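What follows is a set of structures for review.
Heads up, the next two complexes both have chain A, just with different partners, chain B and then chain C.
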Partner chain A sequence: MRKGDRAFYLLLVPSLFSSAILMLILIHVTTVSLPAFVDRGLSLLTSVMWSPPTQDYGLLPALVGTILTSLISIVVVTPISLSIMFLVGDLLPRGLSRVFHRLVEVMGALPTVIYGLWGGFTLSRFLHGTVYTWLHDYLSYIPLFSCRPLSGQNILTAGVVLGISMIPYASSLLIEGYRAIPSRYIETAYSLGFYRFETYGLVTSIMKPLLIASIMLSMSRALGETTIVALTIGNAYVASPCLLSPGITVSAWIVSQFESAFIYPGALPALYAGALLVMVLSLLLSFLGIMLISKWRGVIYG
Partner chain B sequence: MGRSTRKAINLLVIAVIVALGVLGLLPLIWLLYSTAVNGLPPLLEKGLSFITDLPPTPMSTDIGGIAPALVGTLISSSIATLLAVVSAVISSLFTREYMYSRISGFIEAVVRSFNGIPTIIVSMYVYTTVVLWMGEPNVVAASIALLIAVLPTAHYYLSSALRSVEERYREAALSLGFRRIHVLRYVYLGVARRQVASGILMTFIRAVGETAPLLFTMGFLTNSVFQGLNRPGNAISLLIFIYALSPYTNYHTVAWGAALLLLILVLIPVLLIEVLVKEARK
Partner chain C sequence: MSCVVEARDLVVRLGGRTVLSGVNLCIKHNSISVIMGPSGSGKSTLLRVINRLIELNPEAEVSGRVVIMGKDIYEWDPYELRRYVVLVQQEPTPFPNLSIFDNVALPAKLNGVARSREEVEKLVRWALEKVMLWDEVKDRLRKPPTVLSGGQRQRLCIARALVLRPEVLLLDEPTANIDPANTLKIEESLKELKEDMTIVLVTHMPHQAARVGDFIYVLYNGKIIEEGPVGEVFLHPRHEVTTKLLERVL
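After this line comes the complex of A and B, so read on.
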């Protein structure tokens, strides 16, 4: 090794920059939120109140909203991205498949704030006039649709727009995975006289770990997404099982409360506690998803 | 199962897949359409002064312009992109050179788990460290928050760019007696220059589009175009977000106009990447 080449190890210092920031953020969020967990205990998670005058801070509405919107977004994104994978990977002719893939990538480059603006003003009005009224009229015996949709900005809209915004991400994960499957499996299936849907069944079962990983990674993104949710959910601090009522998520609540939380005693730790819960869950899901993908790749490549 | 049943199910499944796929692309078309329809009127009405005027007040009849936001977005995303790219070139070079070392695995794992950190938390962190320390929200703090938010993107694209350079080129260069720094310059950045360029553009696109990192760090400057890096600024994405949440209809109009401008600002690099990749394929 040349003398000057040893200096190459100096690259390590800036490379660890991101690790340092990750650690600092984790430590910061944990230390600030710690008093909230110690002082309030379980009531932090079960109380629906957020009232600075009485210093009563509960996170239940925000947590419920976060979980519900993420789950809805998964329900939206998974079947669509799976279909896009089959379309791009197999069904469409080559040129068309490339165009389709490019369009999905363009969709991924769009800023989330534009999704939020479109979701909050255009899509929510459309859904309110059509789908929501129908859901309430015919399915109101299901608790999820029991409340009267007052406006289009509610938990369901937030979840749907969130799901739409993640289509490019989930699709590109799945398409990449599909292309990694050795073609002999698929060719064998067709040569045995499989119909397309039978081959797709086979492909889906081969890709099951990847599908789970893509759900985990999408969920990890949905949990912390701020811009889209704040513009579409209606921002009301209520915990309701009804998807047609306006709600709130942890991140949207942080947007509206963060700066005033410095004034009210006890509000900041409670707000940080919500951030910590979301971050830990999100980091965990993202870590597990990545592990699952690399393990799956190991199996596929032998 | 009989043959006709299988045939019927097959058609049904294909129909469902096509329908869902089209449904997935429909939002893109709808979104572009409604941004154009709602955003064009303010842009046409104001023309060039939409990007040179100051934003309106709630009661004003004129819709004003978004000059502070445009300037703030260009400055903060350029700073963030530049720093993120420098940092990502270094870290992806390290992970490429020492691909099988334990530290590389660690760095990769950290950078990837960064995606699990909500960007709003980055904003909170930069607020309590940089903003409280400097006394007020400012462009530097916003750039730092953006930098942290786009770091994983920059690392992802640049490390895949470097990984696209075949091992034998590197080995050939080293066996010819290249210094490692020259391997970086001529082999990695030379052979993969198109991928590196599109990685930089992707990072810029992300930085331009991010909103959450700016929320507590940028401030919201509306009464002058630019006051300096250590003073509050504005950004297009931030302006859209705040105006969309406001109850005033003239603010909503400005938000749509700004959204169209933001869309153009993002789609230009997307087209550039398309050209770069296409030429590379030839």
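After this line comes the complex of A and C, so read on.
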């Protein structure tokens, strides 16, 4: 065997190792969760009860919380990341753009517990005293704001903080995409007399698949985020469409119940079932996001 | 004859390097003016100054005057100027996310040239006919431009510029990377279009200059070294560089 070939096989080992780990995790989570799906069937997903002494395990509140917080986070992160993309990619002078981009990247290096603490103790109080009371007072006819906000720690706060924490990731993806667009398209728009915002509109429409991909990838991260949610959502096991009520997500629930799950029969498979659902959804979103990006690249450079 | 585009003592520096130095020219109404010169002589830069696209480059410094239709380019709103003086780039750049129809219709809609659906459709058809593309695409107007050949894409880009009904059409080597059949179609279109507008064509091809040009400007090292009616310059070139360009040595 030649030296180069040996190096190739040596380098192959870590990638095979990580793929094997992913497979092992999938097998492990599926195996442990399987009894929950078999024993409880659909009620595992539709029941709102979680009562270990009576062995009632329903995941609906956690699933609703997971989906709602993820959707809110997307609503927060998408416009902000788009603005950052245009600011860094086009509006700011080169030097300032570099500094601003670095600052956003540094935001991504903050531990999630910092976002959680800030969101749970500062932002939640601020929002409770200002926005939430107003939302309930004036928009309570909309089910999303129909409940009285008892504290600032609720589904909406969790979603907002999740969205803020994802800004560095989503904006980096978009900035990279913006820079990948051949400058000739932007020059062409300007040379046809497009105004700046018309050009931005065109760029956004050229980037639509990438934008959708970045939403999918960000959402796949939001689905599994635990620390931020645990500190901001209020940790109440209720399934409510009202965003001003406290709630829970699958990952936050797993962390809070993991210790006692070994004591009560059936609890561990039920928690694993929740983990499996989040993992499958997250992997699916990541896969679709990556596919979209590669298809988009083909169109842009094709 | 008055000038549609007039440059006086035009100097352009890009990142400290002088690209155009003391350019004077007068582009006449309803004519095709050809700009020739070796690579790096400043031909594309000259076009980008005329419609102020050069301002997208933060390193560009421009001095001297350029007057379009009697008004200094800096008295124009740059976006408005670019609607009257449209540039078609060397590489065909149809927008990949839009259909063939929408590629042509979008500038017309945004600039308010056509408002109703019927007006837009009529204008798109007119522009595509002008570049002899209508018959080739009329059955696939909703398809993406990726289904077209390189030459068809370039003609689509010219049609896209035409819907703005520009006063001046700037073309930066529009046939550089396309086949002879499409090149001839573009040249035929240009000859017809000059009845409606003034055309400035940058080209490397002396035969093309001879076929379509009325006037020629030869740029060398950022200066215009020779100018005049195409026939005269081709028959009696005064500068050695012009001779070499015409013989395609440069």
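A few comments on the model shown:
By definition in this document, the second predicted complex is superposed on the first by the 292 of 302 C-alpha atoms of A that agree within 3 Å, B and C clash if a C-alpha of one lies under 4 Å from a C-alpha of the other, contacts with A are read in each partner's own complex, and residues count from 1 in each chain.
FYI, a contact is a pair of C-beta atoms (placed from the backbone, for glycine too) under 8 Å apart; a residue touches a chain by one contact, two chains touch by 3 or more.
Please read these numbers as outputs of a predicted model, since none were measured by experiment.
More residues of chain A lie in contact with B than with the other chain of the pair chain B and chain C.
Of the two partner chains, chain C is the only one touched by A:I300; chain B is not.
Looking at the shared chain after the overlay, A:L292 reaches neither chain B nor chain C.
Once chain A of one complex is fitted onto chain A of the other, the partner contacts of A:L223 are limited to chain B, with no touch recorded for chain C.
By the touch criterion stated above, A:L11 is placed in contact with chain B alone, chain C being left untouched. In the superposition on chain A, A:I25 makes contact with chain B only, not with chain C.
Once the two complexes are laid over each other on the shared chain, residue contacts for A:T188 go to chain C alone; chain B is not touched.
Of the two partner chains placed by superposition, only chain C is touched by A:P93; chain B is not. Looking at the shared chain after the overlay, A:S205 reaches chain C, while chain B stays out of its contact range. Of the residues of chain A, those at positions 195, 198 touch chain B in one of the two structures and chain C in the other.
Those residues of chain A that touch chain C in the shared complex are 93-94, 182, 184-188, 190-195, 198, 202, 205-206, 208, 299-300, 302. Within the complex, the chain A residues that touch chain B are 2, 4-5, 8, 11-12, 14-19, 21-22, 24-25, 28-29, 32, 79-84, 86-87, 91, 100, 102-104, 106-107, 109-118, 120-123, 164, 167, 171, 195-198, 200, 217, 220-221, 223-227, 230-231, 251, 254-255, 258-259, 272, 275, 278-279, 282-287, 290.
Taken in their complex, chain C has these residues touching chain A: 51, 53, 56, 58, 79-83, 86-89, 91, 93, 95-98, 106-107, 110-111, 144, 146, 157, 160-161, 164. The touching residues of chain B, counted against chain A in their complex, run 6-7, 9-10, 12-14, 16-21, 23-25, 27-28, 30-31, 34-35, 38, 87, 90-91, 93-95, 97, 103, 106-107, 109-122, 124-125, 127-129, 148, 151-152, 155, 179-181, 202, 205, 208-212, 215-216, 237, 240-241, 244-245, 252, 255-256, 259, 262-263, 266-267, 270, 274.
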